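Presented below is the structure to which this report refers.
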Amino acid sequence: MVCSNKLRFWIIVFLTVACTVWAGEVTIKNLVFPNESDNSYVELVPEIPLNLKAFTLCMRVATELQGKREIILFAYRTKNHDELNVWRELDGRLSFYLAGDGVLFQVPDLGGLETHLCVIWDSSSGASALFVNGRRSLTKIYSKDHTIKPNGKVILGQDPDSYLGDFDIKQSFVGSISDVNMWDVVLSDGTIQDIYTEKRVPRGNIFDWQSIKFNINGAVQVVDRDL
Amino acid sequence: MVCSNKLRFWIIVFLTVACTVWAGEVTIKNLVFPNESDNSYVELVPEIPLNLKAFTLCMRVATELQGKREIILFAYRTKNHDELNVWRELDGRLSFYLAGDGVLFQVPDLGGLETHLCVIWDSSSGASALFVNGRRSLTKIYSKDHTIKPNGKVILGQDPDSYLGDFDIKQSFVGSISDVNMWDVVLSDGTIQDIYTEKRVPRGNIFDWQSIKFNINGAVQVVDRDL
Amino acid sequence: MVCSNKLRFWIIVFLTVACTVWAGEVTIKNLVFPNESDNSYVELVPEIPLNLKAFTLCMRVATELQGKREIILFAYRTKNHDELNVWRELDGRLSFYLAGDGVLFQVPDLGGLETHLCVIWDSSSGASALFVNGRRSLTKIYSKDHTIKPNGKVILGQDPDSYLGDFDIKQSFVGSISDVNMWDVVLSDGTIQDIYTEKRVPRGNIFDWQSIKFNINGAVQVVDRDL
C-alpha cells in the first residue's frame, strides 16, 4: 500500500490531535501493597453516604497470592456490622457479602496480570453478578430488599473484624489495586465493557478514582500510571 | 468531553479514509535462533546512549523451550556490570534485573505462539510492571532512584557474564524474536495496547525495529515478515 | 457525550446496511467426517496448478481425537511423492512436510472447539510458521529454495501412501473441516488475523472455499454453516 510521506505526516498530526482531544490519556493512582501485613490499608473517602439499594463497584486488581488463601478486595463496615465485603475465597471463587452469608461466583481466578472486576447488585430484584474483564458472570439472586447502611468506613487491603481494627494478616491483600469506581446504580453491560476498555464513561458518584481522596496506613505505596 | 455531531461525522469520514490508506502493512525483520548455542547472538545498535531513568521495552517472542530452563530475552551490559537483563526464569516467571537482585512476575508462560511482552520501569517511583499481550501485570516497586549507565552493548540470544563473552549455552535463547522497540520513558497502558494490536504509535527512540541496525553473530537467521 | 436519537438511528441504519453488504454473513460448506475410516475422503479441485515457491493455507478444524493419535489435516501428493502434508502429530504438535522430514510446532492442541489454523512457507528464505486463531507461532527455517511440484491431488481426510490409495485408518481425520483457503503467496500477519476474524480478504487463488469444487468419497457429510 502506497502513501506519500507528506500525507502520512499530516495523518499523524491529525490523529495525534484527534486522539488527544477525544480519547486521551488519564493519569491515575496505583496502590501497591508489597507484602502481607496486618496494618497496611487504604481508607477511601466516599463522595456521598453509602445508603444503597443498588450499586456497581469496579476495580483493576492483580495479585500473585495463590492456592488456599482468602484475599480481601474491598471492605465497607459500619460501627458494628460488615456492610459490603468483596473477597477472593480460599478456593479461588470471587464473592461479596452484604450481611451474613455471601454470594459466590465460579470465575477465572485472579492472577499476576490485572483483572478488571465489577460487582453489581440491585435490591429490588436481588440480581447480582460479576464482570471479569468485561465478561458477565451468571446472575444470582441475593439479598432482595436489603439496604446497605451509611456512615461506615471503606478500606482496601484489610478485613476489619471490628471498626478499623482486628485485621488478620492471612486475609490481607498483596498486589496492586487501582481504578476503584463505585456508583449507586447498576450500570449496563455495555457501559461496564466500556469501562473495561477504558472508554470515557459517567464518573462514579460514590468513588471516582480520578478525584478520589484516600488515607494511607502502613507500607502501601502509591505510584502514577497512565491509562 | 464535547464534540459536535458535525465534527464527529467528519472525524469518522476522515478516519475511515486515513485508515484505509494508511493502516497498511509494514515489513519487519524476524530473528530466528534455530538451536541452543553459546555463540549465536545479535547485537543491537541503539539510537541514543542508554543513560536511563525510565524505559519501556517491548518485543514479540516465541520459544518452544519449556520446563526448568532459564532463557535470556534481552541483555544490556557495560564493561563490568549487567545493566538490564530480561529473563524467563527456571520456574517460568518473567523477570528483569537492573543490578543485583531482580524483580519477578508470575504471569502466563512463554510458548510456541508469539507473546507480545513489554517491560516498564520508572526510577522516580520505582514502579515496574510487565504487559503480556497488552494485559498489565501487578505493579512492583523496584530500584527506586537507580540510573541505568550508558556505553554498553545490547544483545539478544545470549547472557554475557563478561563484556560480550562468557556465554552459557543453558541460558541461550532458542526461537524467534522481532519487533524489539525501546523508549526512554514509560508509555501509557493505552499506547502499549496499541503497540500490541499493531496500531501505529510513536517510534522507539532507543530502538525502532523498523530502522534498527544490528550485527549478527553465529547461526542466527533473519527473515522478513509483514505485520 | 451527547448524540441525538435521530442521528443515532441513522448511524445504526447505515452501519447495519454497510455491514450486511460489506462484511455480512456468508454461507459455506462444513465437511463432517463422522468416524474413523480408511476410505472417507474429499478431493479438492484447485484453481491453478500447485507449482509453488510459497503458500498460505488456512482452515477451520475441530476434532475430538486426543492422546497418541496422528491426524492428517491436508494431503497433496503427486504420482510418486508427498508434496505437502499437514499433520497433528502423535504428541499433539502440529507440523507440515514438503518432502522428507517435516517441521514441527509446539502449539496448543486441536480440540472439540474449532481452531483456525494457517500455515505459511516461503521458499526464498525458508521462513515457515503457523497461525493458531490468529496468533503467530515462532518462525522456523525449512526447505529453503524448494519448489512444490504441480499435477497431483489434494485430499482431506486421509493420508495417501500411494496415489489416492494406501490409506491408514489410524491416521484418518475425524471431526469437521471447513473454510479451507489457499494462496500461492505468504499473506501478512494482519491479513491472517482478518481471515480469522472473518473480515473480507482477498480470496484464495488456489482454493477459495466459497466457490470450491470438491468430490466426496465414503461417509463424509456436507452441511451448511453461516460465518
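By letter and in written order, the chains are A, B and C; residue numbering begins at 1 in each of them.
FYI, contacts are C-beta pairs under 8 Å (C-beta built on N, C-alpha and C of every residue); 3 or more make two chains touch, one makes a residue touch a chain.
Quantities reported herein were computed from a predicted structural model and do not represent experimental measurements.
**Student:** Quick check on the contact network: minimum steps from chain A to chain C?
**Tutor:** Minimum step count, chain A to chain C: 2.
**Student:** Could the interface between the copies chain B and chain C be described as same, meaning over half of its residue numbers are common to both, or is it different?
**Tutor:** different
**Student:** Distance between chain A and chain C based on Cα centroids, please, to the nearest Å.
**Tutor:** Each chain reduced to its C-alpha mean, chain A and chain C end up 43 Å apart.
**Student:** Roughly how far is chain A from chain B, going centre to centre by Cα mean, in whole Å?
**Tutor:** For chain A versus chain B, the centre distance works out to 30 Å.
**Student:** Between chain B and chain C, what's the gap in Å when you average each chain's C-alpha atoms?
**Tutor:** Result: the chain centres lie 32 Å from each other.
**Student:** Mind pulling the chain B residues that touch 2 or more other chains?
**Tutor:** Those would be 1, 3, 25.
**Student:** Within the complex, which stretch of chain C touches chain B?
**Tutor:** 1-4, 7, 105-108, 122, 125-127, 132, 135-141, 186-191
**Student:** Which residues of chain A touch chain B in their complex?
**Tutor:** It comes out as residues 1, 3, 7-8, 11-12, 14-15, 18, 21-23, 25, 30, 32, 34, 60, 62-64, 66, 111-114, 175-176, 198, 200, 221, 223-227.
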